[in-house]
Amino acid sequence: MEKKTGEPLIHFGVLDEVLDLCRANSLWPLTFGLACCAIEMMAAGAARFDLDRFGAGVFRPSPRQSDLMIVAGTISRKMAPAIVRLYDQMAAPKWVIAMGNCAISGGPFYYEGQYAIVPGADLIIPVDVYVPGCPPRPEGLIEGILQLEEKITHRGRLRKFR
Amino acid sequence: MIVALIGVIALVSVNALFLIWMERKVAAHIQLRPGPMEVGFHGALQTVADAIKLIGKELITPEEVDRPIYLLAPIVIFLPVLVLFLVIPFAPNLIIRDLNVGILLIFAFSSLTVLSILMAGWSSNNKYSVFGAIRSIAQNIAYEIPLLITAMSIILMVGSFKLSAIVAAQDKVWFVVIQPLAFLLYIICATAETNRAPFDIPEAESELVAGFHTEYSGMRFGLFFLAEYTNMFVVSAVATVLFLGGWRGWILPPVVWFLIKVYAIIFLIMWFRWTFPRLRFDQLISFAWKVLIPLAFVNLLVTALAIKLF
Amino acid sequence: MKFMMDLFSAEGMATLSFLGVVGLTFIGALIAVGARNIFHNVLGLALALFGVAGLFVYLNSPFVAMMEILIYVGAICIAICFAIMLSEPLYLPKPPRKPIKLLGAGLASGLIFAMLGLLMKKTTWVAAPERSTDWSITTLGHFLLTKYALIFEVISLVLLVAMLGAIVTARDGRGET
Amino acid sequence: MDNWAVLHDFAYVLIFLLVAVVFALGPLIIAHLLAPRSFGPARNQTYECGIPAQGSAWVQVAIIYYLFALIFLAFDVDVLFLFPVLLAFGEGYVWRDLIEIAIFVSIISLVIVYAWCRGVFWWKRKPESR
Amino acid sequence: MINNIETYLYIAVFLFAIGLYGVLARRSLIAVLISVELMLNAAMINFMAFNRFLAPHPAVGQICALFIMAVAAAEAAIGLSIIVAIYRKMKTINVEHATELRG
Amino acid sequence: MMLEPGIEEKTFYLNLGPQHPSTHGVLRILLEMDGEFIANSEPVIGYGHRAHEKMAELRTYQQYLPNMGRVDYLHALAYNHGYCLAVERLAGIEVPERAEFIRVITSELNRIASHLLWFGAYLLDLGAFTPFLYCFDDRENVVDILDRVTGSRLTYCYFRFGGVRDDIDDEFIAGCRAFITRLRSRWQDYDDLVTKNVIFINRTRDVGIITPEQALKYGVTGPCLRGSGIPYDIRRSEPYSVYPLFDFEIPIGERGDIMDRYVVRLREMEQSLRIIEQALDKLPNGPIMAEKVPKRLKPAEGEVYAAVESGRGEFGTYIVSKGDTKPYRIKLRVPSFSNLSIISELIKDTLVADMVAILGSLDLVIPEVDR
Amino acid sequence: MVAYFREMFVGLWSLVAGMAVTIRYFVRPIVTVQYPRQKLTMTPKYRGHIELIMDPETNTHRCTACGMCVRTCPSSLITVEGVKVKKKKLPVKHVIDYSYCSLCGLCVEVCPTKALKFSNEYRLAGYQRQDMVIDLMARLDAERATVGLPPLPIPTPESEEETTSAEEKA
């Protein structure tokens, strides 16, 4: 699935880098959960893990105001158009994290004879980072967000952790 | 004038950035977590990053909106923001224009906010927006009256609309001591006027997604955000002037005292937000009409009587 | 050059902003009657009223100007908006206008404008011989408490009656909500 | 011109208003230049929780809101009349000012009393009893 | 110019004319009401102008203006309620329809 | 009366979901609004359909196990329990007592986690953000304890036919005890913060009343039923496992409103703590797995129904076996589905805000509804 | 009237009580584990993806490429290919596609030689779906490298015919 975003009107070398840096540090996710993994996503926003430390804790209910869609859970056939629509309605630049095995590939629900799910979020929207697990631990999601930051800024881990 | 303008603009932007950071920090610590941590020292640059990101975000104009109004609404909500700072007395000589109608000016221009919320909600042609806007307005107008009346009891004691005169009248004792009920009413109304929890029905996300700005993206949404936090500053500043003796204080320079008081009230409002659940809409409205307004009137009359007697 | 200098003198600025305010008023008024969308009409009205408030400042009464904004923009316009949401079916296509009617209305109002304008031209305005210069709001309050006390109380009565009437009328339609 | 002082004060208001417009427009224009665009087919459609929007949102709202607006209108106007009176309060009157204000306030309070009795603030839940 | 009573009177007259046009031309009752508000404002400008330039005491005109505001509010309230009531009865607030349906 | 076209439609539709903060996942509710009130409503389900039941036909009994943690991921162990119970009944496997004790302890811990999550998420619906994080903080503790023994945080796959997968250790027991004291010390805070809060009381008292008749008619179970005053709890009325050995109460409400459901859940957590306490005291030694459980289970032809009390109500597993390694058909009776079915009746003529409160109070797990 | 005021006061008091709770928590230390800065230790039973156990005695795995895990896995995500070397079967390929796993543990339990265990890996994330395909033999080699051992030699079958491959992934 190729990206559905175009280029801005103008480019400035340094400015772009600053923008990317800010974008990477302020990823507001869409309040959006599909199944079990959504609980771990909630947990990741809660006190023990606190996504807000990375500036990614501002869950916005409206896709217009969010930068990041965390597809957390199984995508059913019925839900898929809604996800595509929500993705479309997000304002560029926008990113997608596929959280959990279901969102990556259908996970445990992918088998022969399965008629109800879409095996993989990347079949319907462009996914930037995959976080495997069933469900992934909140640390996994944090890791995913850090990797997304790397991808946005094109310059490795921003902060040096131990 | 230029200096004043630059000062106000700087204040507005720095204040909003600081308030949002503070809000997130306060919320986080109440909730046993650190809040923004990784962007700058203890997340100090977090809101800067947010702001710049918002500037670099696409502005979507949905098809079905009422275009001119949709585009105008965020600007209209920002219109009064700077003007409100004209009359706020930060210190005895740090007040841009000490107008005769000072406090009226604040109330008058604040009422523009209602109009722009209506514009934003209605023009979005989105059910959540329309509902959110209508509720927001019903709430704002319901709480504006007790706000005016409580402010009146202070004006009654001072006999002037000038904010500096109001501060000057508190040289012996702060009005919060004389008028605790009025202070309480004012804080409640101010919380409601700024659409903050527990009165945040208009943006109650569990019901109406994001309320009247559901369809706004990027910096347009940012302007609403900015205006909201600036309004919070303004109502707190007015509260400081009316009840907490404005810039009065010891040792520290007056400006510092003023800001300390303002941020203390803002902290109080934030504290409300992170403690209470949300009222239901009809409860909220009837609370204003049945409790706040009668109390405010009683307070006004009692004040008048007291002035007569003493 | 002189013109430019004039423009930047205090008087010039005042005139300029006066023109701006008047322009605001007229544009607002034109939107208020001309726009097809009723919602735009209300916003036009708000704009015009804003301009009128500016005029009041020029007429040396910032107090009335503030009241104008508070009452008209803050209250009446909002009430009108709510009434619109309650009654006007905005989702329907607008019916076409009748040009004849518009023309008639234009002519009539043009006529009135001309007549009044002429009338004004004929009149010479004489100021009262003795004019007080006490513009303070406190004096206004004293007047309301003494000389015009009746007006003061009557206002509240008028509004009370109006509200009662309004609530009864609006509520007692068919099938209430 | 005897009102220069007033005009000077309000020149500030006017200029602050203008600057506010510029200040608000600036970021919007920058955003227009700097932001990338997205072009999904549903991008410009009204958001409605992820499904196609049904019908216009410009529908009629409950009359209750209108009643609130009306009561507010009455109050706002009334209350504003108190403002000049309050400034004059206690300056050379014995009881007259207090009595007049009391009468005034009680008359407008009747609006609330009436509305309260008519149940404007009571949202009934059953359509039969509405 | 800004110190001349006639300027204000002309503005008032113009506003009045626009209002009148609206009253005559518009079909929607609410639009008519809006136009009436414009006319009332024209009257207010008149009062304030007389007050500013002619009247013996400046408080009088202001009180008149305030009174007009109050009356305008009352008028708006009643008018809007009637409109709403008409709408709820007849399902239209078009002036022409309303007259057609009279009786 | 002359009507212009289109005007007579007084009602309009408001759509909540599938992506909506208050529908917790992917439920969609179509509301027909009459002004501010809900005239009619229709829940639209299926957005979380994952074909859980269909899957059973393609998997062996063992292979179906991991799936049970995902039907209702909030109280996964009850589902493990229910399924294991059914298969054990079908195949006639005896479970050693220690294993049953461990099952009860872990399952009750899981129930607490589930209720805590509901508590937090519900308060989030009502607009209070902070209790949500306090609850999650407590829940993290439960999850830590369970993580120790089951190895995962949410979708446990811990029970096996004939026992449990791993034994518990002393650290687990100490953790449990510490947690019990910790949670008990929190009740006061929760009371002050939420239960006694006047706003909360106003939002929940006498709102969304489920009468006992309604509850029975719709087959509502779990805390929702008990909130209406019917003391029906599978742990009591059809005891399974070792529940009869413990002394615990079944809290019930009086009016059946949201407040009652809330209080019932809160008190149930306390009862769960009591059960865990007793179970830890009485914990016998012994094996944790039954002997002779065949690697490829092939139960004889027959059918069986086993029900357990999950955090949301009665969870039943109905298995038809044709004597194969794969079940012929598995039907899951999930509580959320019947609890959801009452929603239309409950939210009729209420405000949208009430609807959110009522919907939240039913504690639905959508993938469970859709299966 | 009394009731009106009593209600008001009780309500106000309850609000104050609530605020007292939040302010108490406000000054409490935070509970957050600041994950990338603070390392986590996973509990011994933590289930990451599966991996081959490195036998502490032989420093190699115990897998015999019997294919039990392949057959048991509900999502059939394991691929094992083995060759016969000296009557003993050895795996040449042991690959899982983690993105289908449900961490049930059936494979670990069923393995006759107890050659599998759950890893402690909890922070996987990748830019591609293929990143989730994990070669367990390579992982084992990496683990061996930490104790200074060379990669395991790839077993070569004695004869072509005896190469067997366990059931391929469905």
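Annotations for the structure displayed:
Think of it as A, B, C, D, E, F and G in the order they're written, each chain with its own count starting at 1.
Here is the rule we use: a contact is a pair of C-beta atoms (placed from the backbone, for glycine too) under 8 Å apart; a residue touches a chain by one contact, two chains touch by 3 or more.
Everything numeric in this text was worked out from a predicted model, so none of it was measured.
Averaging C-alpha coordinates per chain and comparing to chain B, the farthest chain turns out to be G.
Taking F-G and B-C together, the pair of chains sharing more C-beta contacts is F-G.
Once the centre of each chain is set as its mean CA position, chain D and chain E turn out to be 20 Å apart. Computed from the mean C-alpha positions, the centre of chain A lies at a distance of 56 Å from the centre of chain E. Per-chain Cα centroids separate chain B from chain G by 50 Å.
Per-chain CA centroids place chain C at a distance of 7 Å from chain E.
In chain B, the residues that reach two or more other chains under the touch definition are 28, 30-34, 37, 56-60, 99, 104-105, 122, 127, 131, 134, 137, 141, 144, 159, 161, 205, 209, 214-215, 218, 274-276, 282. Within chain A, residues 19, 31, 46-48, 50, 53, 61-64, 82, 86, 89, 91-93, 108, 111-112, 134, 137, 159 each touch two or more of the remaining chains. The multi-chain contact residues of chain D, meaning those touching 2 or more other chains, are 1, 9, 32, 34-38, 43, 45, 47-51, 55-56, 58-66, 69-74, 76-77, 80-81, 83, 86-87, 89, 91, 97, 115, 123. Across the complex, chain D is touched by residues 10-11, 13-14, 17, 20, 54, 57-58, 60, 62-63, 67, 70-71, 74-76, 78-79, 82-83, 85-87, 89-91, 133, 137-142, 144-146, 149, 152-153, 155-157, 159-160, 162-164, 166-167, 170-171, 175-177 of chain C. In the complex of the two chains, the chain G residues touching chain B come out as 8, 15, 18-19, 21-23, 25-26, 28-32, 34. Note for the complex: chain D touches chain C at residues 1-4, 6-11, 14, 55-56, 58-67, 69-74, 76-78, 80-81, 83-89, 91, 93, 96-97, 100, 103-104, 107-108, 110-111, 114-115, 118, 120, 130. Contact residues of chain F toward chain G in the complex are 59, 62-67, 70, 130, 134, 137, 140, 147-152, 155, 157, 160, 165-166, 189, 192-194, 196-199, 201, 295.
Partner chain A is touched in their complex by these residues of chain G: 30-37, 39-40, 49, 74-76, 97-103, 122-129, 131-132, 170.
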